[in-house]
Structures are given as C-alpha cells and as structure tokens.
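In the two assemblies presented below, chain A is common to both, partnered first by chain B and then by chain C.
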Partner chain A sequence: MGTTQQGGSQHGIARTSRARTEDEKLQELAKIEKYRQLEDQVRFHAAQNNYTPEVFQLTSKLLRLNPEYYTIWNVRRRLLISGLLSKPSAGSSPSTASFSTSPTATTTTSSDASSSSLSTATPPAPASPTAGRSGTTADEDGSQGQNKDFDILKSELGFTIPLLLESPKCYWIWSYRLWILRQAIQRLQTSVARRIWEEELGLASKMLTKDKRNFHAWGYRRHVVQQLESPELGGTSMAEPEFEYTTKMINADLSNFSAWHSRSKLIPRLLDERKADDEARKAFLDKELGLIRDALNVGPEDQSLWYYHHFLMLNLVSFVGHPTITPAFTQEDRVTYVLREIEGVKELLEDYDDKLIYEALLDYTLYLCQLEERQPEAGERADLVVWLRKLMVIDPMRSGRWTDMEKNYGLMERRLSMGDETVALVH
Partner chain B sequence: MAGEDGFKKLPSELQLQLATTAHVKYIQSLDARKDDYDYWLTEHLRLNGLYWGLTSLHLLGHPQALPRAETIDFVLSCQHDSGGFGAAPGHDAHMLSTVSAVQILALVDAFDELETRGKKGGKAQVGKYIAALQNRQTGTFAGDEWGEEDTRFLYGAFNALSLLGLLDLVDVDKAVDHVVACANFDGGYGVSPGAESHAGQIMTCVATLAIAGRKDLIDADRLGRWLSERQIAGGGLNGRPEKREDVCYSWWVLSSLAMVGKTHWIDKDQLAGFILSCQDPEKGGISDRPGDMVDVWHTVFGLAGLSLLEFPGLQPVDEVYCLPKSTIERVLGK
Partner chain C sequence: MAESLSDTLWDVVICGTGLPQSLLALSLSRSDKKILHIDPNEYYGGAEAAFSLQEAGTWVNRLSLPTEAGSTRGVFRAASITKPPTASTSLSFPRAYSLALAPQFIHARSELLSQLVSSRAYRQVEFLAVGSFFIIKPASAPTSAKPTIVRIPSTREDVFSTTAISAKAKRVLMKFLKFVVAYDSDPQTELWQQHADTPLADFLHEHFKMDAELQTYITTLTLSLDGRISTKDGLAVIHRHLSSMGVFGLGFAAIYPKWGGLSEIAQVSCRAGAVGGAIYMLGTGIKNTTTTDGEIRLELTSGDSVKTRMLVRGDETVGGEVGISRLVAVIDSTLKTLFEVVVEGAPAPGVAVIALPAGAVTTAGGKVSDSPVYVLAHSSDTGECPVNQSVLYLTTLSTTDSKDVLQAALGSFLTAVSEDRVPDVLYELYYEQDLGSVESQTEDMIFHFPGPSLSLSFDDRTLGPVREAWEKISGGEAVEPDYMIFTDREGALDDDDVYD
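Moving on to the complex of A and B:
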C-alpha cells in the first residue's frame, strides 16, 4: 500500500553482480531451514494457545533474527497477558478503572486501547495522583503480583534495547516497547511506573545522540514526555526541561531541524506556563531572534535555520487565531521588527550569495506589505524584481515557482526594462 | 518542461531508457526467490509486496505478467474472520496488509470475488474491520488491535474504504480534524500532532484530505514551497530538510505536489534522470540511490514517480491512490 513503510526494503546497500558460490548457497539454505523450523514451532504453539515460558523464549529467538515480524510481537503480547503477567485482581491494580479495557481482550479497538493509557478522565484510584503510592508496602494485597510484573516488564524493556540499537527505524519494536510501558501504568504502582517511564527519556536521548534526526526517536520522546506530564503518572509540565533539551541539541549541531521544530512547538506553552508578561515575551523573542541570527551568520545555506527564522517572522505577521510569542505587539512594533530582520538578512549578502537569502528577502518584504495591507512600493518592487531575477539564475531547478511568483505579484512588467538577459531566463 | 518537449533536456549521460523488460522480469522473479534468506525474512510484507509489484506491472503496461487467479487466491488466503488481512497466511491482520489487499483486488477487478469467496460479510466485513480501528475521540486510526496510531493508518483506511464505497462507516469530519491538527507552520504534516513535517506523512495527510474532499484546508502555497525545496543537487528528492535523496520520495513528494497542483515547482527532467539512474538496467528493479541494491518498494515508487512526470512508456498513475488512473476510473466511476 502507499505508505511510508520501509521495512524489508534495501536502503543504502551496494548492488553486487557477484554470484553466490555453491558453498554460500548451501549455507543460505541451512540458515533458511533453521529459521523456518523456529517459525513453525512458534506458530504451532501460538495456535494451541500454549502460553509457557518455553514458547516465550522461542519468540525471543525468532525476534532477534527478525524484529520486523509483527505477528511474533503480537504472540509475545498474548503470552504476557494470558499467562506470564499476573492476572488483574480488583482493588490491587493502581488503575483498575482503565485496566479492564485492554489486557485480555484481543479484540480491543484502538480507541479503547488509547483511552486506557491517555485518558485523563480516569483518575487512578484509590490515592490522589499527586500523593502517589510509593508508601505501599510489600505485604499489601497484590503486591507480589506487582513485583513479578515489574520484573517481567523491566526484562521486556531490556530485551528490545539491542534490537532498537540495531534497527532504530523499525516501527514494530518502538510500538511494542510503548505497549510494555502502558502495561506498567496499568499494573504497577504509579510511583514505580513513573520511574520506568522516566528512564525512557534516557533511551530517547541515547537514540538521538546516535542519530540526531531519527523521527521515530523524536516521536518517542514526545510521547514519553506527554505521558510523564499526565495525571495518570502524577506528572506536571515538562516544557522547561524539554525546551532546554532542544537548546542543548541545537548547540551541539545548529543544523538539526528536528530540534528547531520541537522548539517551535514548545514555545507557546512555555510562555504561558512562565506566565510571561509583555516585557518577558518581547525579551524572549529578542533572544530567539538573536540566536537564529547568529546561526544564520555562519550557515546561511542551511534550510533548518531559515525554517526557524520563518517561524519567528510568522509570529510577527500572522497573529490572528493562534498563539504567538508577542500578542501585545502593536502594528508599529511588528513593522519595526520585520524591517530590522530584513536589514539583517540584507547584511548577509555582503558575505554570501545563497539562494535562501534571496528567498527570505522576497518573503519578508511581502510579509511587510501584508502587515501594512498595501502593495509593494516602487523601491520595494525594484528590489523584488532583482531578487527574483537572482533566484532564476542561481536556482533554475525551481524556475516554475519563481515564474508563478512573478505572475502572482505582478512583477513582470519590469522584466522587459531589464533587457534580454532576464527574458531569456524565463521560459 | 517534461511532457512538452519529451525530456530532450536531459544531459546526454542521463539519456537513459526505461528498462521495461528487465523490470517486468524482475517482478515476476520475486516470488521465485525461495532460496534467498531475505525472502523469508520479508514474509511480513508479502501482501504489500504483491501490491507494489502488481502496480508496477500495470504502470509498465504488463498487467497480465502475474497470473490473476493465483493473485486473487493468495489475497483471499490472507483474510481473517474479522475481515482484516494479514501479510501472508498465518500472519495477524493489520491495516497495512488490509489496504494492500483492497488495492490488489481493485487492480484486478475482483471485488465480486471478495463478496462471494471472502470471509463472511464480504466487502462489508472488510469495511467493518477498518472502521473499528478508528479512534472515535481523536479521529485517527490504529494499525491493529494493539493501538499504534499514525497518519499512515488514517490514510490507509480512507484509501481502502473509499475504494470499497464504505467511507460512511467512519467519522470523516473527526479524521479531517485530526489531519489538520498534524499541520505545521512550514505547511507540512507530521505523523501525529506536534510531530515534524515529513514527506511521507505529508502525502498521507494530503491524500486523506483529497479523499475527504477537503483540499481547501491545505495551505497549498506554503506546502508547495516546502515540497519543492526537497529537490537537491543531482535531481533527487529528500524527505526532510538537510537529508539525503531517495527514490521513494519521488512518490511522496511528487504526488503531494500533484495534489496541490505544483509539480512544475521542481525540475522534472532532473528528477526523471535521477530515477532512471537508479535502475538496474540488466536485472531490473530500482534502488534508493544509484548503484544500490534494488527492491520492489523503490521500484514501484520510482515508476509511479516517472508516471506522474508523464515519462513515455508508462500508464498514468492516480496521485491520491497510487493505482493506475484507469483502475480508479473503473472503481470510483471518475
């Protein structure tokens, strides 16, 4: 089907014309034989509902050979909930109310499954979320089951780590790991479950150190943070530490669009939670603009940086109907800021001749006109034509876009006056 | 521009031919590689692979190159009582393989066989399976009973349900709201609300809005710009800023550009040249980048990309469904 499922496809492996030797062929056949035997064994036991530790070990073996085998992850889930994990007993489970929805019913729909882990409408009983249940002692009803579950769930988390390190883009491993973590919420004391979830931040960071743009790991991090913030885990906002994390990632490498993106998403919440007044908001914007301008001064060819600069500019010019950094800015403030940024971008031209600079100049000049609800003035018009002409020369790949822009903003009439050279560039 | 002067502008070293015969042979050989360890390791993609291979053959103008009766038999052998399809017999039902099953049956015009020979309930049962995976609170979809949610599954559901004529089984407005919540300031869409724009997820979101008849919700200009910046030196497309090019984005990016009417915002000739240079001209198939191992996934998305570019020798592809236009016309009466 038409989706971004990449499992099983060959990414970045060099083509080879070398034929396999007879010996290699035999080895391959033996490998296949072994794999298929293991597969048959697991399937046989799964079909018989043999929920034993031995079958569980077989799934470990098979998944190590093939972590993309989603059906085997499902067999493993069924083994856990149908035999290995303790049976839920009323009163002992920290979140009995949501517990009943998924663990044993394999026909559970997604809405059930997700509401059981994400719904904030189901307060964990009996203690209040903030008080936690860390005071619960081992002799309380059901705690032995919880200890066993704790060990099993921890062991499952350990099992997936080497697989994730080897296949960091395998959807099935990430999704299994999250399922295990949801089991922790449903089966363990809140304080215990919370500690387990907190450790996941470490994993997300580790994966992002290995590949700073892995969108699975960024998504995982976002999910873990959301969960840690939820009342279900007695959490509070983590916007501040997460914002700091993006700063750290950006300082380590400016060209990390994933980190800039994450930053853009955190800002509205961050400012709300800081209860930032108009002055603080202005100071915040100044600091962000300073940060990105410094970055652009050394890397004006980097799209990541320009996207973030655009994000800040949109905060100034497109401020109706959604949260912005400086909602109290007057029209005059906005115009002043946009003009100042345009001047800053123009200064880049003294050292660089990158197409992204011209694009920004075009955009921001048009933003300014939009802000002042007017058409470009003669001087601006002349600039726009020059920049567009420049883009047509240095970025012919996107000539269709430049031509559309020329038409849409009525920048054609000047073209003739600039001689044949320009006309020839526009086909 | 492509289509106007028939790719005459390609530099001479890129005056590459489409290796039609080799590609057909390559796809026909895929199910005969049982002495390859990888054949067994990729069984969880078998039904998807059949869709990728069969669509490739249809686009290449060789729809008969795989036997129709066996194709239908295999698809039906993957169905569960729930209505959903697994990747192969013995594999659990999942949205991804279910959508592939529906697409294959649409390709070979066999919905009637699903009705008569499929599990009890026929088409309606398949629709029921898919519809039950919608999260009625948020509008998005899970891949299966275990709850992983992703805009890929949302698009898959809309794709299959609309082909079956059963879109009314789900809450379309809620799903549309969810897609809108996945939009970012750069005009793109992510895997879930808050996630970074990614060309693959953009395609799924834009195509969902297209199927729902809500393309008006797309910021076509901003999105078109982001998408056009995906083309990098060498002509290939990447999936996110500052990443390497890959043939599969010839589909995700280009089809999205097509849906917002902006394919002319990239250099079509250079893209065609890049895709052609990723072919294995002798053994057939297309790889992610020149000189790498080919696979059927990159083959179909390379061919579908070339088809959208109106490259000679390929049947026209539908940019929303990634099926031949003729199939969509037959099924949807468009």
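Moving on to the complex of A and C:
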C-alpha cells in the first residue's frame, strides 16, 4: 500500500513514519497538490452556492480522501436539499427534473443549522413535509419524487459504507448517515422508510458481531431501535427481540458489559409488556439469577457478570422508589433470596479464589443486614473479617479501602457496646 | 530434453513429492539452485496425496503387488476397497471425489501457516474452518435408544452453555483451561514438570481432581491415538488448541485445506518450485545410485542418467513400528448437525472431529476397543465429495482387530448421527500406515526425510527436517532469517486511482 492519507487523524489508524525516498516525497507532494486543488474547488463552489451535480461529485472525491472534513459533509447536505432531492409537496413547484443554482434552502428537521455560512437571505421555507408521507395525496410527480429520493438516499447510504469500513469511529460519517435516515422518514412512505431502518438495524448487528463490546455501536443500536419503535415508522415495542438479542450476545461472549447493561434496561418494560403477574415475575427473576449464577460459575473473574448479579441483588434489596422485578415480594421472600445467593457465591470458593467473590460476599452480607435493618451478627462479623483479611492479601493495592472497612466494623463494635443505635452501615 | 538432464550437474535431486519434499521445493523456489524434482508416482503428494476414486483403486492394486524396482511403496499396506451393494444412492463419477491420505487439519498457531504466509504460497490454497469436537457416548444401558453425540467445550462460553456437565465439573474444567493457557510459565510449570512423562489423564486426576468423564474430554482434545499421551505433550497440544482459538476468526482454532488436505499444500509448493525453475518429472523413480568424487550419479527409471551434488528423498525404512489403521468412508448424508455454526458470526465449518473413547466400541466379534477411534468428518464443502454426501476418515491404532473396530465404530457413529434414517455407506477404503523413521538421516550427500507423522492435527515437527535440508543445500549462502520469506512475484497493486 503506497498511499498516505492526507488531512487530519484517522481514528485508530497509525501513521507510520518511515524514511521516504526522494521519489516518494515528490509523489506525496503531487498528491497533496491534487488534494488542495480539490478542496479549493469545492469551497469555491460552495461559497458561490453553485449546487451542481459536478460539485456533488467533487464532494464525493474529497470526502473519500478525508471523511473528517465536516464542512464538506454539510456542503453535500445542502447539495441534496437544494436540488438533488425532490421538493416538499405542499404548494411549491414540483421541478424535480432540473434544479436551480440559486439557494432554495428548504428547511428540514435536520440539525445542521450550524453549517450555514451562506443562504441567510432565503425565502421563507414552505411547511416541512409531515413525517411519513402516506402517499395518498401523491400526484404523479410526488411518487416520482419519492422514487428519486429513495434512490438518492440509498445511494448516499451506500456512499458512507466504504468510508465507515475504513474509519468506523468517525462521528461525521455516522452523523451524515443518521441525517440521511431521518430524511428517509420525512420523504418516503412509512413502509419504505421502515425497511431502510430495519436494514440499519442489521448493520448495527453486523458491527456488534465484529466488535461485541463497542459501546458506540450499542448506543447506535438503541437509537435505531427507538426509531423503529416510533409511530413515525409505524412501530411497536421491540423489547422482546432486543432482550433476545442480548441473550445471543451474552452467549457469544459472557464478558459483555454493554449486553448485560442493555438487558437490565429492558427488563422493566419487558415485564410490563408481558403483563407479568407476581408469579411470572418471580419465575423471571429465578431464571435471571440462574443464568448469571451459571455465568459466574465459569467466569468469577469477570466484573461485568458481577455487575449484573449486583443489579439483581439490588432489585431485591433496594426496592423503594424504583421499578423492580418483584415488587410483591415480602420481606421474608427477599431475605430468603439474598441468603440463597450468598450461599451460591460461597460455593464458588470451593474452586475459585478471585477477589470479586470476596467483595461480593462482603457487599451481600451488608445488604442482608440493611434489609433486616440490623447490624451484622457475631458469626457474620467473623466472616466479614476473614474475607477482608483475604482481600488485603489478594488485593493489596486497595488495602486502604479494606482497612477502612475493617475499622468501621471495629468502630461499630465499639459504638454498639456504647449503646449507640444510630450507627449507619458503612459500605 | 534427455541431453540437458544428463549434462547438468544438479544442485539437488528431490525424489518424491510428499509434503516435506514439496515444502523443500518451495523453500528453494527463489534460489538459483538447479533442482530436479522427480516422483515415481504418476501423481503429486506421495504419502499425503489425495485420490479420485479411480486413483484410489489404482493405488490399492499397486500396494498388493510386490515392489517394483525404483518405486517406493512407503509405509502403506493391507489396503482394500469395498462398495456396499445396498447403497440406495449411487456413487457419483470418480473425479467427483478427492480422498485424502493425509486429512490432517492445521491449528491456527501452527508454524506451517506462518511459513505459507511468509512464502506467499497461502494465496493458492483455500481453507475451511474446523468446527466442533465431539464425543460419542454409548447408549445408556436401560432405554438404550442410540449413542449420543456430545460437544466438547473448549472455551469459556462453550462451558457456560453446555448442559452435559455439572456446575462443579464446569469449575474444575475452567480451572484447567486457565492453567493450560499459562502452562509454560511459572508457577504452572512447577506443578506439571515433575509429571512431564507420565500420562496426562493421571495428572488431571491427581491435580485437578477430574473425574473420568472430564479426563476423557481433555484427552480427546489432544487427539491422542493411544489415549495415554504424556502430560508434557498433552498440555502442549491443548495449549496450541486454546491459543489458536479465534486467531483467524470467531469460533474456530484450526483450518483445513480444501480439495484434499495436505496434498493441496504439497501441490502448491511444487507449483512454486516449478515457477522458480525446478524441473518436474512424474512417473520417474531412481533405479540406482553411485557416489563418486563428491557427486552422486543416479540412474532414473526413465532411462536418464543424472549427476547431482545432493539427493533428498523420503523415508525408505520398511516395516516400522505399529502405526494406524484407517477407514475412509463416503456416506450419503450431509451430517448437517455436525457442521452447525455454534458461535454467532463464525464461518460454517467443513470439518468436525468426533471421538469414540477407548472402550466405547465393541466389534461384531465381541472385542472391546483398547484405544480411541477418531472420526474426521468432512462435509462436501471440502471439495472431497459431491453435495449431499460426506467423507469420514476413521483412525485408530493398528492392531489385529483394528479393521473390525473401525467397522464397528463407523456403525456406531452412523447410528448416533442418524435423524430420520441411518446414512448409507457408498464406498469404503481401508489401509494401514506404519510409523516410519522419526528422524531425518544423512549419509554423505543423501538426505532422508523422516516418515510422515501419524498425528491427526498437523505436527510442526514435520517442518524441522525441511529446514535442515534447506540449510544443507543452501550451504554457506544460507541467510537464516530469509527462510521461507519471499515477496509476491507480481508488483504490488497501486490504488491511487482516487486521484484521477
């Protein structure tokens, strides 16, 4: 590969510096010259509001060389709005075939007002086309316009793909892609727009297959799902399939914070949609606890698993003021479950020695005390001390924390003996 | 042509196009050595060849004849072919099949692959993923429906999802897997080194408190032919398997060359040799060798007489140690369930490994198997058979009963994989392969490669002697770091067209 990328940094692609021969230096200077010319051309035409197909091609070239040049993405948007895409139906001239070089800057609901260094003297924009045209009022020009828009929007999505493959974390490309997708909602029939967004979900899945823990991709996925669920795309809740998706991702790789996190976020809605009664909720909790216990059984060193287990424990213990899985549990139920979980965690100590196990035992014992609104009993206190001592050996970097905790127990003992009952449990 | 053959003083004559000889040709393909590469067979690949049905027939016939002068029978014997008359689907035409004598798969971390990449020869080979490893458990006594196939878990996620082992056993297994990943550093080495030469199974029992079932899983992962692989060797193989997982893609640790396994690599290597200027002659063997004045004079079966500085040939030993018995069976089923993609996003595998542990097979005559039987199942994606069929390579240690054991194992396997019907066997090829010499041998200017490895996964020790031979031939000009490191012959592609 002889090419060197010009322009700003390319995310994650290292710039290798190596000795260049005279020949290579000349070649590079030539490339830089070509790039500069291209850039000057585009900026010139943009400043003149020359929105022609030729200029559009120039932006394609420039963006391929430097996808991070966000001004040029904005120029491209303006090119689309000002002529390549059809005009909105309400009242304006349906001149879809030709397009003018004068600024007609119709307002869209996209958020690139920041880009305009021109077209301040625009005629008042006609009313934005309502989202999700149903097509019933479409005259021949209208449906032709939609077909054209469809082709252009699909083509634009395709344009971003090779750029994304090379620079998968470039915000500007993603931003443009999202803008195009929003255009789809506004300009195309609901069913057509919906299909495009469904394909987008497929893309998000593909990305997550390549990099299961890319939290940008998870965030993107959530956004896409949100759109698909929205009335604008005639959608309904996707809590079930998304929950199933997290199961799939977890099975592929247990160590997936984002998948476990997504899962936890979906649960309240899921249970509501299922209209789960108390029995169903209990069964659901049992299943989740079983799942995470199986996972911890093979991955006790994995923090993401412990986070999820904590999440489930907090469901049992800290249930005032927020939705929980089993709101109808009695105090007795909760205590039973917490005790059972503590026993389950202790079983791990038969074969494992990871510090996260001891930390969990500490936390859960304190949760139990919190739940029962009491201090640790003598037996529990003895256990706590043993676990703390163990942690001081395994995790000496945090000895300060462990010492603090032990002091607090020591403190509590002193205070208790002095009859102070308002001692808060220090975590 | 005969003129120039005899006139040239060859730098090396290589006899045989088995894998080591072919790799040697590859390693010399960019040197300016004068190389004459011959093979008494009419095909490439030697002991690693792949056969059409017709070629297999010819091969079997030849093996039953006494050795002709100049041809090397090598280590094969007791070969036979059976075509069951009861097959409901008929066999396809002979060339629709490519049955491999060396169906070894190659772990991702194998040195062979690094060499194929650095020498650029990899470009001409298509690889398939090797998928899951399975164990067949005999039908449990009471209801004895049929034997079951259980996937062997080898990753954390595998262990997580399997329902075949208890929670406690899973913890034990995980501890072991973590141990193996770091087995070649302290404190792990301290723990096993004293047990280096004792059986791995005993080590597993003693130090990890593994029950017999788990021990069997682990030993199967090593593909140990006698089931008694040493701790040192066993840990090395499992370590290679685990560290190879995911290297070339999700969900697989090894790959397999399409169109006939190692024969493809041999062919591609010879092709590279030919492009580099070596002269190839098939159907040509050596009748006579005489050494005079630092030169070897060879009388070839073609009638030519050539002189060379060095002669490299394959293993010539006959009647070596007990080796393996193999049964190659073509069946009329796709064996879909064995080639399922288990990990999301992983490629569809073309090879599956199924083990019948010692004691799991009973012959018709009542003999119980002493050692494991391994089945390498190949889907038609390997190009070795037509679509809707599969090829099975069954291997076990050679004994007086091994032929019957393999037959019984085949039956057990087919029952275990059957869904609505038990697949039919369309074709069977049986043979035995001895373990030849395990070391290379040199006498004066004649270098003998060791015999082919009987391991089911490619053994990197095969590569050592190739390098040895290369060094001898390259003499003082050999520059070590350049071994098997070449650049592409065509110029690199230039993708500057964006600027136009």
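Just so it is clear, the second predicted complex is superposed on the first by the 328 of 427 C-alpha atoms of A that agree within 3 Å, B and C clash if a C-alpha of one lies under 4 Å from a C-alpha of the other, contacts with A are read in each partner's own complex, and residues count from 1 in each chain.
Simple rule for what comes next: a residue touches a chain if its C-beta (ideal position, glycine included) is under 8 Å from a C-beta of that chain, and two chains touch if they have at least 3 such contacts.
Since this is a predicted model, take the numbers as computed values, not measurements.
Within the superposed three-chain model, A:Asp294 lies in touch with chain C and out of touch with chain B [touch as defined at top]. Touch criterion met: A:Lys248 reaches chain C, while chain B stays clear of it. With both structures placed on the common chain, the touch criterion links A:Pro396 to chain B but leaves chain C unconnected.
By the touch criterion stated above, A:Glu350 is placed in contact with chain C alone, chain B being left untouched.
After superposition on the shared chain, chain A has more residues touched by B, the comparison being chain B against chain C.
Within the superposed three-chain model, A:Asp272 lies out of touch with both chain B and chain C [touch as defined at top].
Legend: residue contacts after superposition of the two complexes on their common chain; A:Lys61 is shown touching chain C, with no touch to chain B.
Look at A:Tyr69: by the touch rule set out above, it reaches chain B but stays clear of chain C.
By the touch criterion defined above, A:Lys31 lies against chain B and chain C together after alignment on the C-alpha atoms of chain A. Residues 1-3, 31, 65 of chain A touch chain B in one complex and chain C in the other. Taken together, the chain B residues at the contact with chain A in this complex read 1, 34-38, 40-45, 48-49, 51, 82, 86-87, 90-92, 94, 96, 99-100, 103, 132-138, 141-149, 152, 155-156, 159, 184-186, 191-192, 194-198, 200-201, 203-204, 207, 224-225, 228-229, 231, 240-243, 246, 248, 251-252, 262, 264-267, 270, 280, 287-289, 291-295, 297-298, 321-322.
Those residues of chain C that touch chain A in the complex are listed here as 156-157, 159-161, 167-168, 170-172, 174-175, 250, 343-345, 492, 494-496, 498-499.
Against chain C, the residues of chain A that register as touching in their complex are 1-3, 31, 34, 61, 64-65, 209-210, 248-249, 251-254, 294-295, 297-299, 347-348, 350-352. Within the complex formed with chain B, the chain A residues making contact are 1-16, 25, 28-29, 31-32, 35-36, 39, 43, 65-66, 68-71, 74, 77, 102, 106-111, 113-115, 117, 171, 175, 178-179, 182, 213, 215, 218-219, 222, 255, 257-258, 261-262, 264-265, 302-304, 307, 310-311, 314, 396-401, 404.
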